[in-house]
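Which chain is which? They are A, B, C and D, in the order written, and residues in each are numbered from 1.
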Amino acid sequence: MAEEKSTGNGSSPEIPKSQPAPVPAGVSAGAAPAPAAAKPAAAAAPKPAAPPKKSWPEPKFNEKDGRLLKTTRYWPTELWPHPWQSASYRNGAMMLFGIIAGLLASGAAIGELSTWGDKLYALIAGFVASHGQPAVVTDVIWVAIKVLIVLHVVLINGLWAIWWERKISAHIQSRVGPTYAGGFHGWAQTIMDGIKLLLKEDITPAAADKWVHALAPAIVVAPVVVAFAPVTFGKDLAAANLDIGVLYIFAMAGISVIGVVMAGWASGNKYSLLGGLRASAQLVSYELPRGFSIVPVLMFAGSLDLSVIANAQAGYKWGFLPKWFIFYPVVGQLAFLIFLIASIAETNRTPFDIPEAESELVSGFHTEYSGMKWSIFFLAEYGYVLLASFLLATFFLGGGASPFVFDHVIPSWLWMLGKAMAMMFVFLWVRWTFPRFRSDQLMDFCWKFLLPWSFANIAFAGLTLFLR
Amino acid sequence: MSDTQTAVEPEHKIRTDSMFVNLGPQHPSTHGVLRVGLTIEGELITKAVPDVGYLHRGTEKLAEARGYHHCVVLTDRWDYVSAMPNNLVFCLAAEKIMGVKVPPRANALRVIMCELNRIASHLLFFGTYGIDTGAFTPFLYAFREREMILDLFEMVCGARLTYNYIRLGGVMLDVNDAWLAKAKEFIEYFKPRLDEYDTLLSFNPIFMARTENVGLISKETAINWGLSGPNLRGSGVDYDARKADPYCGYEEYDFTVPLGKKGSCWDRYYCRVQEMRQSVKIVEQALAKLPAGETMATGVAKVPKPAPGEAYAHVEGARGDLGIYLVSDGQGSPYRMHVRAPSFINLAILQEMLVGNKVADVIAILGSIDIVLGEVDR
Amino acid sequence: MTQDELFAKISAKLPQVEKHATQVKEYLTLKLKSAEDVLPVARALKNELGFDYLEIVTAVDWVGVVNPDGFIRNPNPNVFLPEGATPQNFPCATPNFPYRPMFEVVWSFGNLTEKMKVFVKLELPRDDARVPSLAGLFKAADWQERETYDLFGIRFDGHPNLTKILTPEFTQGHPLRKDYVHVKDRYDE
Amino acid sequence: MIDYFSKVFSAAWNTWKGMLLTLKYMLKPSITVHYPTEKLVPYERFRGALLFDAETCISCNLCVKACPSFCIQLENATIPDPKNPAVKKKVAKVEWYSIDFGKCNFCRLCEEACPTKPKSVWHSLDYELVFFSRDEMVRCWKAGIGWVGKYWDRKAKDFKDPPGQVPIMEVNVRR
C-alpha cells in the first residue's frame, strides 16, 4: 500500500538509481562497520571506538510505516540541475501529456455537444408524445435537465478547483500538495474534505444573529448558480439564451455582497464585522471597473447576448490571427487586464483578499462559520472564479473559437473549457505570487486607476470603431 | 512622539464607540505568544498595549543554579531562531571572566556559524513577513533555503534548532571537508536566490505600497527607544557591534553595514535582505581562509570557577545587540546573569508606533520589528 | 579613547561620580554615591557627553547565594528514587566574598557615534529600594525598568507605568532576589 | 505624464517578473520528503533520543553532573563486602539508571562526559521520539534492560517497553 503510494507519486523527489545518493557526512545505509568520514577532533569529542568483543545487535530500521530513504537529505542543488533524470518527473510529464491528448481525442470523438442536446430533446419530445402528454411537459423536463447540469457544473467545479488550487500552489512552492486521498495525486482530497466538513459540528456562536447567520451562506451561493444560466459553454451551448445575458450575470453576481455583509454582521465577532465591512466596500467598488471594462467588448459585438459576443469573434485576420477581442490593439488588452483584475477583486482572492486577510482579521467574514456553511462560502468563491473564467474566455478569447485556422476537429466546448481553465490557472497563479493590498490602497487602486482607465478605454474603443 | 505617525483627527468627528480588538495570543499571525490589546476606531488604532510574559522561563534565575557549561544550553532557548549568537555571547562573557583565549580556527568557525544562523534567521523573517503581508509563497521559498542551513548545522553539531555548538573556549566539534564542500555549495546556490527574493517581494509594487511610509522611526526615536540591529540601522544609524566592538575576529572580514533611509517598514525589511548578502560575503571569506589548528582552548575546566569579577559581552545577533552581563562570585555558577535581549527592547516601541495606524498596518509593523518571543520573555 | 581619558572627560563634567572598585571588564564602570545623582548624571551623559543610548538597566542582589527551596522540584521522578530526593549541583557561598544586603542597580550607556560604553552602578538598601526612573530621558528604560521592578522589586520613582511585565500577576515576590522562595500557585502540581 | 507611465510600467514589469519566477519554480521538481511514507536517515552527528548501555557503565556520575537540567539519575551497584558481609561495597557497575526525557535538552553534554569506551550513554539517530503519557518520559535501565530502556507504568506497576520509540538506525561508530 505504502509502496504503491510512493511510486504513484508523480513528483516525489526521487533520485535515479544511476546517480549516487548524497551521503555527505559519511552516513552509510547499512551496518557498515566504520565509515568514519567525519573526524570528531575536539578535545571532548568521542573517538571512534575499537570494535567491541561482543556481537552487536543488527541496526533496526523503522520501516513499519514507511519507506526508509537511504540518504540523509535532498538538496535543491541535487534535484534541480537534471530534472529529467528523475523517473518521477518524467512520468509526471508523460502523464500530463497523456491526459491532455486523451481529452482532445475524446472531445474530437464526441463532437459538438449541441447536436447531442438536440437529439436528446427530440428523444424526450418523442417520449412525452408517446405518453400522450402535452408538449409543455417536454420543456419542463428539458429545463430541469439544464438546471441540474448547470448546478452540477458549479458543484463539481468546487471539487476540481480546490484540488487544482492545492496542486498548483504546492508546485509553485516546491511542494507536491495532496498525494494520499484517492491514490492518484490525491484526486479525492476535496471529496474527502467535503465529507469531513459535512460531518463536522455546525457551530453558531452565542452572540450571533441566528437566522441571518444561517441565511448568509445561502445568499452568497445562490446567485452564483443562477448567474450561470446564460453562460455559453460552447457553440449554442447555454442553459438560457438571454438577450441581456451580460447584464443579468452582473446583476446576479452583485447580490452576493449582501450575503457577505450579512455573514460579517451576524457572526457577532469583531473580526467578522471588519471583514464584512471591508468586503462590502471592496465588492461594490470593483463592480464599476468590472462593468465598464467590458463596454468596449459590447460596443464591438453590438450585443449583450453572450453567444452573439462569442460569435462576433469568429474568423481570422491575415489568415492566422484569430479575431479575438484580446488581440485588438490597446483596447482589447486594457479591457482584458481591467476585467481580470476586477474579477480577482470580486472573488476576494489574494492581492485583493482583505475581507479574509488571515494575517489581520483571522478569517474575515467567515471566521465564525464551520462545517458545511463554511464550505459553502468556498463553493461560492470557486463558482465565481469559474464564472469569471468563462466570461473572460467569452469576452476576450473568442468563446469556443479555435485559435488555429487548420483546426476543424476539436469541438468548441473543449476549446471553451480549455480557455476557461487557462484563465482559472491565471487566477491561481496570481493568488500564489502576490502579497495583499491594504484596504485604502485597494480603494485607491480601484477608483484612481482602474476606473479612469476603463473610462478611457471606452473612448479608445469608440475611436477604434470610428476609424474602422 | 511627533516622530512616529500621530493619530489623524478628522475635522467633523462623529462620536463613535471605540472597539477593543485582541491581537493574540492565538491570533494566526502574532509572532509567538504575544498579545496586543488594540483600541480601534473604525480601522484606526488609538491605543496599543503589548502584553508579554507568556513564555517567561526565568533563564536568569536558572543560570544562578547551574554551571557555566550548563548555561550554554540555556542560552539556546532564548532566540530559538538564531541560537548560535546566543551561545556565542554567553561564551564570550564567560571567557572574558575566565581569561580564556580562543584558538583562531574556533573563532573562524564561530563567525561562520553565526553568519549562517543570521541568514537562517533573516530568511525566517523574510518568509513570515511575506505571510504577514499576504504572500504565502516567499515563506516556503525561504524555508527551502533555511532547511539547507539547518542541514549544515545538523551535520556539524547534530541539532537543527538548539545547537549548543559554541562552547566555552571554542566549539563543540570540528568541521570536516565534506561539510566545507556542502557549505560552499549552499553559498553558491543561495546567491542567486537573494535576487529572486528581491523580484518576488522586495520590489513588488504591492509589497512596497504596503510597507513604504508605514511605521516610520526617525534616528532620534530609534536611539531613544534603544532599538538595535536592523531596526536601528533601518533608521539610518550606523551602529553594528561587529564593527563597533569587534569580537571573534570580525575586523578581519570585509563587509559593509547596510543602512536604511527613512526608517520605514520597508527599510527595516530591506536592511535584513541586504544583511543576508553581507553574511554570505563573510561566510565566503571565512570559508576561504579557515585557519587550521585546534578548535578548543586548553585550560577550560570541567567545572569552571572563575575569580570574582564582572564582564559584559555583546554580539550583533540576528535581532540586534545581544548582550550578557555576567557577575561571578568565585563559585561554579554565575552569581548573576543578565541578558540584554534585543527583541524585548525592540518590542517596547510598538506601543507608540502603532497609534495612528490602520489595523492592516499592525501586522506589517509588528512583523518588521522581527521579534522572537522566546527572547522577549526569556 | 582609553578608559582613563574617558573617565577624565566625564569627571570634568560630573565631579560626583567615581570609578567603581570592581570594573566591568574592558569597560569603564562608574559609581554613584546616592540616588539623587542618578538623574543629573544620566542627563549629563545623554546631553553633554553623547551617551544617548541606554543599553541595559538591571540590578544585582548581593545578599548571598540562591535559596534553592521551592523552585527546583524533584529532579527526576523515577521509580527507584525515594520521595523528596534533593537537587544536586547547588552553589555555595564563597568565603571572604563581600556579600551584603544591598541591591546594585546597573545602567549601561552607549555612545553610538564614538562607539563607547560606560557602566554606571548605584548601591541601594535592600529593604526599601527606590531609585529615580530614567523613562523620561530614555524611552528604552520603560520596559527594562519594569522588568527590573518585576524581577527585583526595585521601585523606579517617576516611571509612567511601573507594573509587572514578565511574571504573571499571581506570582508572589520578585524571583531574581536571591532569597526568593517559590510560593505554590495554581499551576504547581 | 511620462513619469506616471514609467511608474505604471515598472510596477507592471516587476509584477510580471514575480509571476514568471513562481512559474519557473512550478516546473521544477519539488524538494519535499513525504514523511511518514518516506523517511530520511539523519546525519551522523544527529542528537536523537539517548540510549544507555548498562553493561559498559562504570557508574561514575559524570553524566549526572554534566546534565544541565538534572534529568539523569543513577545508583551504584553494591555487593556485600567479602570481609564484612553486613557492609555493602560499591562496585563500578550501575544498579539503576534513569533519564527523564521530559527534561532532556538533547545537548550532548552527557555523551561528552562519559569516560567509558564505548560510550555508555549516547545519542542515537532516532528522531521519532513520542510519548503517550507522562510515565513514558522517564526511561529506566537495569541490568538486562536493552539500550532503549523501559518505563515504569504507574497503573500496571510494571516496566514496559516504550511504544513510541523504535530506533531508526543505530550506528556503532558513534559510541
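The rule we apply is simple: contacts are C-beta pairs under 8 Å (C-beta built on N, C-alpha and C of every residue); 3 or more make two chains touch, one makes a residue touch a chain.
Remember, predicted model here, so these are calculated numbers, not experimental data.
In this assembly, the chain whose C-alpha centre lies farthest from chain A is C. The chain pair with the larger count of C-beta pairs in contact, out of A-D and C-D, is A-D.
For the pair chain A and chain D, the distance between C-alpha centroids works out to 43 Å. Averaged C-alpha coordinates give centres for chain A and chain C that are 59 Å from one another.
With centres set at the average Cα position, the gap from chain C to chain D is 37 Å. Note on chain placement: the centre of chain A and the centre of chain B lie 39 Å apart, centres being C-alpha means.
Looking at chain B, residues 66-67, 137, 141, 144, 151, 155, 172-173, 200, 204, 206 sit in touch with two or more other chains. The set of chain A residues that touch two or more partner chains comprises 24-26, 37-38, 40, 44-45, 72-73, 75-76, 172-175, 432-434. Residue positions 72, 89 of chain C are each in touch with at least two other chains. Judged by the touch criterion defined above, the protein chains form a pattern that is neither an open path, a ring nor a star, and not fully connected either.
Interchain contacts (touch definition given at top) occur between A-B, A-D, B-C, B-D, C-D. Residues 64-65, 70-73, 75, 95-96, 98-100, 103, 138, 140, 152 of chain D touch chain C in their complex. Here chain D touches chain A in the complex through residues 15, 18-19, 21-23, 25-26, 28-45, 111-112, 117-119, 122, 128, 166-175, going by the rule given at the top. Every residue of chain A that touches chain D in the complex is listed here, in rising order: 2, 5-6, 9, 11-13, 24-27, 29, 31, 33-38, 40, 44-52, 56-57, 59-76, 79-80, 83, 86, 88-89, 168, 170-176, 179, 429-430, 432-434. Put simply, chain C touches chain B in their complex at residues 22-27, 29, 52-56, 58, 60-61, 65-66, 68, 71-72, 89-94, 97, 99, 106, 108, 112, 115, 117, 119, 138-140, 142-144, 147, 151, 164-168, 175-176, 178, 180.
In the complex of the two chains, the chain B residues touching chain D come out as 66-67, 69-71, 73-74, 76, 137, 141, 144, 151, 154-159, 162, 164, 172-173, 196, 199-200, 203-206, 302-303.
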